[in-house]
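The structures come next, written out as structure tokens.
You will see chain A twice below: alongside chain B first, and alongside chain C after that.
Entry: the complex of A and B
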């Protein structure tokens, strides 16, 4: 047992990607396939480096991040408030729930032609799409989280005389927190996915989606692939950060409960 | 105790649910009558309704819906079956899981829509590109749920299968699939739901038929009623598909709880 299981697992999981890259490099350099269809890994790395050396690429990334951040924040805050309202009041649920559920069935992408007609090819429809994408999961998970708060907590809080805002802040939100953070993590993923829809369908000068689209228009596959990698990597980093934050929040809550 | 939206409300509660739609309708009609927005941007609800009826009568809607449903079906078939096969493989064999699992997880980080320009470069904007794109959307929920179900088959069942000497096909059809069924069905439901979502995306990239095409045309000709009609149709079909799939799920998994209890 000289090789630990972890190393073994790592080696095992890297075999297929490695093989793929080798076959890819071989096919691309053999000249069977035109390089604009299948650029070699080498070419992609070069494109990657030149892209990141350029200052412009940073501007594209910044534009995308800003868009997502704005939409994500608005969607999360409004989704949280809406979920809180429906979770706390059965009447509110009965009034808004059915309508919300019907609207939710419409694929978000389907709204794009309509909101372009309403607001033109501007930043607003892009933000709206991202906001809606974040709104749904936060609403649903906040609602579900509140409804799953054990009855005993409410009984206990009435013993303590907690009411109104104090009840929400001390009991409801802490108890529903894991579900809410799940919703927020999902919301980030959804916003990031819909950012692509926003940038590909609503033309813009700046954004990672724009770069990918540019690669397609110029028949430059390397550019497309670099864009795809950028989107994937950024999405991964952001989700990881939010997940860690969520974990930290939940952990803090558990400790407080014990003391 | 399951906590779901739309629990069985009584009549009074159902009426409460009508408040918002009616309010929106009234607001909409009011805005139109007050000429707050140009007719180009907001048509009266009645006009929208007439447009939908008109599109239905002329057969435009039906034929385009057929094209769209066909695409969703083919895309789901392609992506769903690929996800199912790989999911079963990964669930049964740790080697396959180690080889493919991380790769799939990495690929999953890329938003599906980002693939579309690449697909178009490879295949051109044709039918295959659209179906391939939908297949990508259908693939992920299927592979993850199938994997979860198959890898979660209790060790007892594997042992039992060994005792009965069940091999290959029989092993799959008698032990693995039935035991993993709840997860697989969930995968199918999510997979078809996402296929519907990505159908719209695929069609907005440019097509000459389908519900998405109706909306693109409506936008280009500045017929907002056609665009809204398309939206209503997409939403309604999505709702119907989702409801049917939920019913299907309940039907297939009926009596599951007692079955599991009996086996344990």
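Entry: the complex of A and C
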């Protein structure tokens, strides 16, 4: 019997989670640890089912998804524009570069008290946090991608009279695309990470982070773990979509050639 | 009476760069006429300024003393009357072979564009490859595409900057035959920079030998012999010996004389 490479990869990637569940089940049922501290996988599955049967859980997921998507999109678009500007113009880099490089050293969480003071406990500050989280990696990778466009391409372009917008659209952006898509994939991961911070630090009724908070307050670790798994699965799902999109955009297989 | 187009003249041309506040002379008092329809090679060791000379002819380098004229008119910048093939094929990896060949044909309508692309891919023996990406081609094939891209613009003069330098020895000899065939077919002026003596003798009507620091013309050798040339003929060997002597590489008893 032959096993396809895909099946092999799937089996290989399930070894670690499977072992984890086995050890976990063993420890939880051994009686050494109280069940409110470490609920057994069994309890998790039960909580999972009851949660997903409730309509409300879908609303929590929807609220979180909406936050991530809006923040991620605004952050990506503005990060791309800003990276493009700094990548194309040495003057822009001189003006904005140093300030950008200083401010991005501060973890976004450090700004949360300020953001709350300015915008209140509303949806806006949560989205701002996620936007900023997505903005940094897209800016940096767009900038680097543009600066690494081989000078030979520019020479070729001037021979054929490509300049201005045509040069940017037809040469600079396609050449920088692998780096830009890396930035966007990183941005998505950062968006999910900062979603949790945004929901935990800025109280809201709807959100997966809220559910995790609720689990903590009620000493219901099963609820916390269900929240974690939900975030992990959604994050993984969205990252896969973005990666597939990047692959589809990668004409001529530049990315795969490099790896 | 119509005058054959594609004559390039270099008159009293000198060029220097400033390095560490000291002027460094690259080219000194260069005078060459490239007759319309001729195949001329510029031969020299590295650092003799031959690439700078080619950049001047291409129009990428515009600050120098003296004149560079095409059909009597001063070269102001790159133009579609000159094509260029670089040592690296410089195809854009995100464009297909067909799109790469059409790179300089933006102003034409789709139908004319396709016609020109098909015509020139056929000319270089790559019909049916228009949908392939550069990463899927061998070095020799990629260089053929680069030649097709340069010829698709219908230039009067084709500049070749060590076009076969990156190919293996056998592919190289094969491509030399191909270049000769293309030159005879297109009937345009070809100017090739090379450091391969055999290649220069095989292809050229005229060889310009340059020496370094500063780049000056050492000698101009006319090769009247018929084509295709036999690399093993005594005439070929004699010319080779004459050229090698210019570089102080001649043997004391070149075998052409010893027979």
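Convention: the second predicted complex is superposed on the first by the 222 of 259 C-alpha atoms of A that agree within 3 Å, B and C clash if a C-alpha of one lies under 4 Å from a C-alpha of the other, contacts with A are read in each partner's own complex, and residues count from 1 in each chain.
Everything that follows uses one rule, which is that a contact is a pair of C-beta atoms (placed from the backbone, for glycine too) under 8 Å apart; a residue touches a chain by one contact, two chains touch by 3 or more.
All values derive from a computational prediction rather than experimental measurement.
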item: Touched partner set for A:236, first chain B, second chain C, both or neither; value: first
item: Partner chain(s) touched by A:177 [first = chain B, second = chain C, both, neither]; value: second
item: First (chain B), second (chain C), both or neither touched by A:251; value: second
item: Partner chain(s) touched by A:152 [first = chain B, second = chain C, both, neither]; value: second
item: Comparison of chain B and chain C by chain A residues contacted; value: B
item: Partner chain in contact with A:165 - chain B first, chain C second, else both or neither; value: neither
item: Touched partner set for A:227, first chain B, second chain C, both or neither; value: first
item: Touching partner for A:213 - first (chain B), second (chain C), both, neither; value: first
item: Chain A to chain C touching residues, read off their complex; value: 152-153, 155-156, 158-161, 171, 174-175, 177, 250-254, 257
item: Chain B residues touching chain A - in the complex, by the definition given at the top; value: 3, 5-6, 9, 13-14, 16-21, 24, 41, 95, 98-103, 106-107, 109-118, 120-122, 196-201, 204-205, 212, 215-216, 218-219, 222, 224, 227-228, 230-231, 234-236, 238-239, 242
item: Contact set on chain C toward chain A in their complex; value: 58, 60, 78, 80, 84, 86, 88, 90, 92-96, 103-104, 133-135
item: Of all residues in chain A, those that touch chain B in their complex; value: 9, 12-17, 36-37, 91, 93-103, 105-114, 116-118, 143-144, 147-148, 192-193, 195-197, 200-201, 209, 212-213, 215-216, 219, 221, 224-225, 227-228, 231-233, 235-236, 239
